[in-house]
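First chain A sits with chain B, and in the next complex the same chain sits with chain C.
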Partner chain A sequence: MLKVSGLNVSYGDVQVLFDVSLEIRVGEFISIVGANAAGKSTLLRAISGLLKKTSGSIEFQGKQLVGRPPYAVVEAGIVHIPEGRHVFPLLSVRENLEVGAYTRRKSRKDLRRSLEELYGLFPQLYHHRDQLAGSLSGGEQQMLAIARGLMSRPTLLTVDEPSLGLAPMLVEKTFQILEHINKENVTVLLSEQNVFNALSMSDRAYVIENGRIVLTGAGKELLTDEHLKKAYLGM
Partner chain B sequence: MKPLIDRPGSRPWLKVVPWIVVLALCVLPLIIRNDFYLDALILIFLWGAYAGAWNILAGYAGMMSLGHSAFFGIGAYTSTLLLLRFGLSPWIGMLAGGLFASTIGLILGVICFRLRSHYFALATLAFGEVGYICAVNFRSLTGGSEGLALPIRPDALLFSFAGKLPYVYIGLFLFLAVIAISYAIEHSRLGYYLTAFRENENAARALGVRTGRVRLIAMVLSSFISAVMGTFYAQYVVFIDPSSVMRIQISVQVALFAIVGGIGTTLGPAIGAMIFVPIAMLLRAEMGTSLPGLHMIIYGVILVLVLLYMPQGIGPKLKEKIPFLRSP
Partner chain C sequence: MDPTLFTQLLISGILLGGIYALASIGLTLIFGVMKIVNFAHGEFFMVAMYLTYWVVHYFHIDPYLATLILVPVVFLIGIVTYYLFIRPTLSSSVLAQIFITVGLSTIIQNVVLLFWSADFRSISLGYATDSLVLGPFPALHIEEAMVSPARLIAFGLAILLSLAFYLFLKLSYTGKIIRATSQDRSAALLMGINTDRIYRLTFAIGIVLVGLAGGLVLPVYSVHPFVGFDFVLIMFVVVVLGGMGSVVGAMVSGLIIGVVEVFSSYWIGQENKQVIYFLVFIAILVVRPSGLFGLKEEEELEHIETID
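And then the complex of A and B:
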């Protein structure tokens, strides 16, 4: 489905990703784990077309995405949920969701159906639908950010650090939602610092260190890897 | 879908209030028989509508333009020149000016939308100044600094009237139209996209919003209406020159009105005009000879006070303080 090969990304003169390659098949749940500043967010942002200095190849269902603007990436079926939620605080919950449906704006009926589906999945959002997004709790904002991304009906969802700044119970809930979405035939690419949770949920995972992929394998296998245990799990 | 909970303050009779205000505005000019006050009303409508046009781009999309005098001037000069040279009715000239200004706006947007905040403001400031310099120097076309006088021969088809009353009603119509357009934008998806861009550009882009395209739509609307107001000004004042329709001060003033009234809100620009225009007129009438320019000082003081005590503007503050005004 998605094939990244030889990806190099720089911010100005500083290169942050070196020759990154990965492959995702339809329906998989993939994690990218690694420390702060390892390059996880950069990788996701590069896939979503938000970064300019990108070279290499990002192929999605046969289409080359490098150099394409973000809206083309969303139209192709990839949606990116940025780190730190970033809901639009002065828009209501429903308005936030409508912004998420930009690429599908032609059909009102379609929009209503997506809204109903997502309200079913996130009952709290329905309850608060006319409330300003800025007045929601952190957990609710994270749900809104995910729901807003789903409004474009992506086939691949890339989620950047959804557990950031959330209470453990909400982290749990967020992961459950992601698993549920994955079961509904949306491929998920998750970037996480919460290594243990991420690995135990994932079909496969990539470990990224200093901008390079250093390790890859099935999620549960990686949990037993000596290097990984030492570096990230403190065991 | 039926709402689960009634929103607080949901009182259906509040919906009537705006219509009562509109009705009052319609009747008011018939009660006022004094030309000075009618003039004030016309200028409030003119500036309110113009500030509303500025607000479409600067308020909703957050792209602070300091070059909107150029659109105003383009509107004034286009309709006036078409009238003087070809005898074309300013009603048609108004549309022509609007189309010309929005074309220029589109080009400006394509070039300058890559710039953000202060840099965009500076680029548009330069654009406004270029407009002024063109108006001064293309003498054969614009008459240069001497300006252009419009013929005075009352004819409704030529947008020219003997009394002030027709101008009041045309002004009122434009004023209400701009408020209606702003309301429609704020409550439509275009408004959501613009607000999303303003609040978090990257998040909006990540969701696939074509932020350049939606801002260009705002630019086209904003410059079109600004030019329409320019034509209205020319027809009302019957004299235009670069310093009355193209000056930088006009751009600054229109921004000031909208910011003080409440930037990014439907009624803010109108409120700003209602506060500033009467102050300027009274001060000029009372102290125009002894202390000319005093109104600029008062403007400055009001701006500082508003920014200190109600940075979102007077409109939103009123809404917050008076529960009655909170939207039904």
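And then the complex of A and C:
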């Protein structure tokens, strides 16, 4: 489904990703784990077309995405839930969701159906539908960011650090939601510092260090890897 | 103060303020969405006045009709200006953005001067030259107040257009997309929004709004190549006072500045009236530094430009 090969990314003169390659198959739940500043977010942002200085290849369902603008990436079916949620604070919850359906805006009926489905999945968003998104709690904003992303019915959802700044109970809930979405045939690419949780959920995972992929394998296998245990799990 | 005089000044002030509101909405919109201060905003006001003037002059049609007919033309001027001058500087420094719009303002003024000379040109409304008389209202101790029909029509249309634009922004899908883009550009990109197209549309709408204001005042003010400058100073006061980026703020503070201007020109004279509205402006900003309807700093948004 998604094939990244030989990806290099720089911010100005500073190279952040080096020769990164990975492959995701339809329906998989893939994690990218690593320390802060390892390059996880950069990788997701490069896939989304947000970064200019990108070379290599990002192929999605046979289409080359490098050099394509972000809207073309969304139109192809990849939606990125950014780190820090980035809901539109002065739009209501409902308006946020409507904006999320931008690529499908032509069909009113479609939009209403998506809204109903997502309100079913996130009842608290329905409850707060007329409230300004900026007035929601952090956990609710994270739910809104995910729901907003799903409004365009992506085939691949990339999620950047959804657990950041959330209480443990909400982290748990966020991961449950992502697992649920994955079971509904949305492929998920998750970037997380919360290594234990991410690996236990994932079909496969990639470990990224200083902008390079250093380790890859099935999620549960990686949990027993000696290097990983020492570096990220404190064992 | 004599209630008749007070009423007279208040009416004149509100009528003037409606025009200021409409003219300023475009400026605050462009800033709110694109974070660009359009120093050439007054020149688009002036160009629209000229276009209306020439249409009326050659085709002998009603100036308000001419103003509406010219909307697509002014929209197109906005689009072309966006591509030629605004888009190339979007990612440049603030300084470059200031230079480009200030430069544009000078260029437009001088090109107009070259073609159409420095003459003051004006039209008059054939059908409405006599003042309307309001009153008397003996219960309020108000004798007759005079209202110029041209000012009244300009005000009515300006308020109508401002409200229509406000509803468009609030209720239409495109309006929601424009607001989303102004609140968080990177999130808008991630929703699949082509923000370049939204910027282009926003800039053109902003120019149309100021152009409409220019056309509406043609029966009241003479047009000359530097008329934009007289208005743009007030537009900036209105925009900053209302809160930069706030459409409602621009509408409310447009009316406030209109009233303040009329009262102060009565009390201390036409040539010193700016002193008073700048004092009011400073006084309000001391209490509310981000303007009447502006966001407080902690409510403002940070963007995801941090390095991973």
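The definition used in the following text is that the second predicted complex is superposed on the first by the 235 of 235 C-alpha atoms of A that agree within 3 Å, B and C clash if a C-alpha of one lies under 4 Å from a C-alpha of the other, contacts with A are read in each partner's own complex, and residues count from 1 in each chain.
Note that a residue touches a chain if its C-beta (ideal position, glycine included) is under 8 Å from a C-beta of that chain, and two chains touch if they have at least 3 such contacts.
Remember, it's a predicted structure, so these values are computed and weren't measured experimentally.
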Following superposition onto chain A, is the placement of chain B relative to chain C best described as a clash or a fit?
clash
Applying the document's definition of touch, where does A:16 land relative to chain B and chain C: first, second, both, or neither?
second
Contacts of A:40 with chain B and chain C, given as first, second, both or neither:
second
Is A:181 contacted by the first partner chain B, the second partner chain C, both or neither?
neither
Chain B versus chain C as contact partner of A:80, first or second or both or neither:
both
Now for A:156: first (chain B), second (chain C), both, or neither, which partner does it touch?
neither
With both complexes overlaid on chain A, does A:143 touch chain B (first), chain C (second), both or neither?
neither
Based on the superposed arrangement, let me know which partner A:126 touches: chain B (first), chain C (second), both, or neither?
first
Based on the A-chain superposition described above, do chain B and chain C contact any of the same residues on chain A, and if so which?
48, 50, 70-71, 74-75, 79-80, 82, 86-91, 95-96, 98-100, 102-103, 105, 148-149, 152
Chain C residues touching chain A - in the complex, by the definition given at the top:
173, 176-177, 179-180, 183-184, 186-194, 299, 301, 304, 307-308
Can you name the residues of chain A that touch chain B in the complex?
48, 50, 70-71, 73-75, 79-82, 86-91, 95-96, 98-100, 102-103, 105, 116, 126-127, 130, 148-149, 151-152
Which residues of chain B touch chain A in the complex?
1, 3-5, 7, 189, 192-193, 195-196, 199-200, 202-210
Residues of chain A touching chain C in the complex
11, 14, 16, 37-42, 45, 48, 50, 69-71, 74-75, 79-80, 82-84, 86-91, 95-96, 98-100, 102-103, 105, 134, 148-149, 152
